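Both of the next two complexes hold chain A, though its partner changes from chain B to chain C.
Up next is the complex of A and B:
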């Protein structure tokens, strides 16, 4: 009898606790207009993506259901799941974003944030949110912008210009390889782009968390970069840099044609991925010839070392 | 043109006495306790830099002199001075031998800053700003200087991610009254009008201290700071 009573009590007790929890949950959900900052009303932030206008107030439910678990109710990247994640979820309160079309140190465009939500972030726990409608995504972009006062004070940067891509040739690949050496991309990404350069092990992001350089050799035909998968996306990444990470912007130091040559070479580091670059390389015999700088005055004959640059 | 030159000369002539005969706050920064010993930096991964340093250079987080003096402390007027505009001259931050020269660079908000690379290797300049905008730019050998400015006061940690031992600071201040302590710990803040000032001393590892000072005229007030050394 005693055990039965105890069991009954347990059942009742559990029900009571559950009911209490549910009440708390319901109350929390019904709480009036609790914005990202407690006791402050949600900022009436908007986003504009093409003809779609997003409103922060309309993203409240979606943000709580789909984003807050990692990015946190306050948008500070400290959601309850954050401890399990590497790399850590983005902290929206500092408004530093990796994937931008805008120069390093500037705010991204609404379109950039919209794209990141839809694309997800490869090699991280940020999934591809292709289940949202364009309106939902636009609303979430507006909501993200309520977390930092920068969005009220600053405008997004001007998107960098990406000129038309020149044709892939073995010369452009060869020059790209010389640039890969000269600009010392290999110091982090490794001589074969495997993310194992001499500085790789020491890299940390701006929150002092260890971070790995991109491994170009991983992945096959579905290989994606953090901020896209097309040649234009690669071009954009090294012109804008990946803010908040060790990857700098090369916009001040590299000419557009050179940047395209570098893109062509980087594609050949993706050894398991079919590409026009790998086709050109294969047709040329499979090895990248040393780069000869035709424009430079021939004070000394070009050394035989591949990627000698200058 | 000529008129404006005269105007400038007259302006300088009238202002100079005020500037030259103001009060001065000077003193010394020291530490108590036992600071961490500087460690030699291994630059073997960058031979072009390693060969410039024999013996190897040491870490600059805590730099001390004889008599427990503390170098690289930014001493500045944090309250009391008039809001001044940024000086027109440019401050330079140099990368040489895979080190930052100077290790701590002070500047006014919105003052022009030039970052130079004298090395035969690429650097990336990465000011890890939290109040100002964080940015990160590559600067290969022979590349032109990078121009920058910061519009908010902040002590900004600066890193080169390619060479992880490279670490420096930008001290962005709202005042032109600043001084960085030398090896003998000495600092001097001249040209102070009579008034009450708050003097702040900032060290990258030991934090900040403040003291109040009142300047009544053409006098030199002595103010010393003593930081407690961290054991690790």
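Up next is the complex of A and C:
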């Protein structure tokens, strides 16, 4: 390699010095504008996902790079993009989470938060962050937990038990439809599950932001729910509720078998999706027969609340 | 010699000439003192994500950004179709870089006082401008995406850098994506997204390397090509495969070369988690094709598009992207290249004047002693991401001829050494615009290619620029 001449060396030297100055300024700037508590040390929070332990301190850069634009540097859901987003980004300072395996009102498990990051949240701007390593996601879970004091005072709830799914039958679909009417699900989700029930326009979340009920009829085979896509996920949503929204928990209202019947009926509202429920309905002629409770008088659908094939 | 003196900077102090860039940096430091984090705005505006979500340091993609691109510029979160956008949204980004630079070349041909030709060093400083990229891209409909990039050089002369439509997730499968048009070849180490910008270090030498005296009209891995590409990837983008077929026109429109000359490019890569180190990716690529060596002529002038006598060429190698923790990543790229002996003897490109028009392969007799020129090369590029706003980078690149087209050539004729280092600082980080202060130095040497004495040709560049897009 030819040696650099003196003039070239001086040019390089001047700019290396200035680069160093620039670096000092960047580093000095780095500290105050990141993290949940700008002038306080980051809490030594951990998360535990299987054999992986996440550390909040290791997620500082990733949170800033990927999350802060929406959720905000303070985790309060007021990132610079929040004003443009609908639904609004989650406010981590109140530690209320939609997607949990734990009973309503309780904190989610670390695994719940880990799953939400990797799954994304459909019908929102929350992407599917499955490009992270397990360590990155675990670190971010720990970091999210630093935003609310609830994580220091409370333990996460115990995951609910999900019993084995019974077979799909036209009777279970019929019973599910009756429950859909009886529990007044149609008031929000609409008689055909299109999210256009009479109460839909009035719904707000716990921060008084307008919120839309889920439209079961939208999407095809790739249709997903906010908290998953399997029948087990739908069951879980009934039983845990979606905290921070008008969707309550039905854990104290219906029995596990009833919840499964409701799952089977809801799948038939996804008219553009191939499913075993739709196959059973098609085999039955495409019409859901009225439910007949052998132990009690049959439940008659409310006027205008018919679903499925009516 | 007169030209060299004409560009000499006045003043006695050797430091004096550097006061201007120094002042610029200091002004910049003061102006940015109260600002905080980053940008590629057309998509960032659409999805409400900071540029840093997709870019290690823009324009270089990170893993999430690569997945977004592989999904056809879609997040796959049900907000991809244009119907979700405000009607006033226009998916357009403009990028340009005003800069100050110092360019120096050790040996340029000059007239001497005695009427002969000599060589001298030429060093030039001054303010300059890059070309303009008008980047438009996004979804025409869910799973039908486009990219259109009208691009100008620094004089404002436009061409289409990219123009393609892509059908994504056909049959609901991420393994079935097809695009047609002009596009970048599917190397996950992308020259279009390199962080380096300077005159002697802005591009990857291996993406454009042609042996000295070679007449192949193609072989340009770094130029966007006209063709069709199938690309498939796993749901989380860990596994990526692609195959493309394109005309051997080096991306030029109107089929100016062969009558039936095509090239294929295959690429595959696999990513895997490495615990706290991050996600690593390794892969390989192979490009092989044919290009013409003889043309029909009219009044002695070759007729564009009449090329026959296809001869072969190939490029293949390994590429890897390794993360050594959250702040440090290393890109490694290798290549073994080979051109047919006809190209080595400078048969092929008589259309644009690279080769003597007399080199029109009408006899089918190879010049005596001609053989396939072959070479090996590699580069290692390192990025130290201090934080999402500040990145320090370097690249070291080497190309070595392993066989010259003629045994009489010096064995190292055309060998290249290239070194680049610099830093890139984004004084703010939003989803609305990108702005980076860019400071870079590069040094390049090619063996035996000075214009008069055929000795080593070296050049170096220093640049300070404001790279911005919005």
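Throughout what follows, the second predicted complex is superposed on the first by the 263 of 310 C-alpha atoms of A that agree within 3 Å, B and C clash if a C-alpha of one lies under 4 Å from a C-alpha of the other, contacts with A are read in each partner's own complex, and residues count from 1 in each chain.
In this text, a residue touches a chain if its C-beta (ideal position, glycine included) is under 8 Å from a C-beta of that chain, and two chains touch if they have at least 3 such contacts.
Because the structure is predicted, anything quoted here is derived from the model rather than measured.
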First, second, both or neither for A:182, with chain B first and chain C second: first
First (chain B), second (chain C), both or neither touched by A:131: second
First (chain B), second (chain C), both or neither touched by A:80: second
First (chain B), second (chain C), both or neither touched by A:219: second
Greater residue coverage of chain A in the superposed arrangement, chain B or chain C: C
Which superposed partner A:122 touches (first chain B, second chain C, both, neither): second
Contacts of A:94 with chain B and chain C, given as first, second, both or neither: first
Which of chain B and chain C A:57 touches, first, second, both or neither: neither
Complex interface listing, chain A residues touching chain C: 1-2, 4, 6-8, 10-12, 14-15, 18-19, 21-23, 25-27, 29-30, 33, 58, 61-62, 64-66, 68-70, 80-81, 84-85, 120-136, 219, 221-222, 224
Complex contact set, residues of chain B against chain A: 45, 121-122, 124-126, 128, 130, 133-140, 143-144, 146, 161-164
Residues on chain A engaged by chain B in the complex (per definition of touch): 94, 96, 104-106, 182-184, 187-188, 198-199, 202-204, 206, 241, 243-253
Sites on chain C touched by chain A in the complex: 14-15, 18, 21-22, 25-26, 29, 32-33, 35-37, 47-50, 52-53, 63-64, 67, 75-79, 102, 104, 106, 172, 235-237, 273-276, 278-279, 326-327, 386-390, 392, 417, 423, 425, 430-431, 437, 439, 441, 443, 445, 456, 458, 460, 462, 464
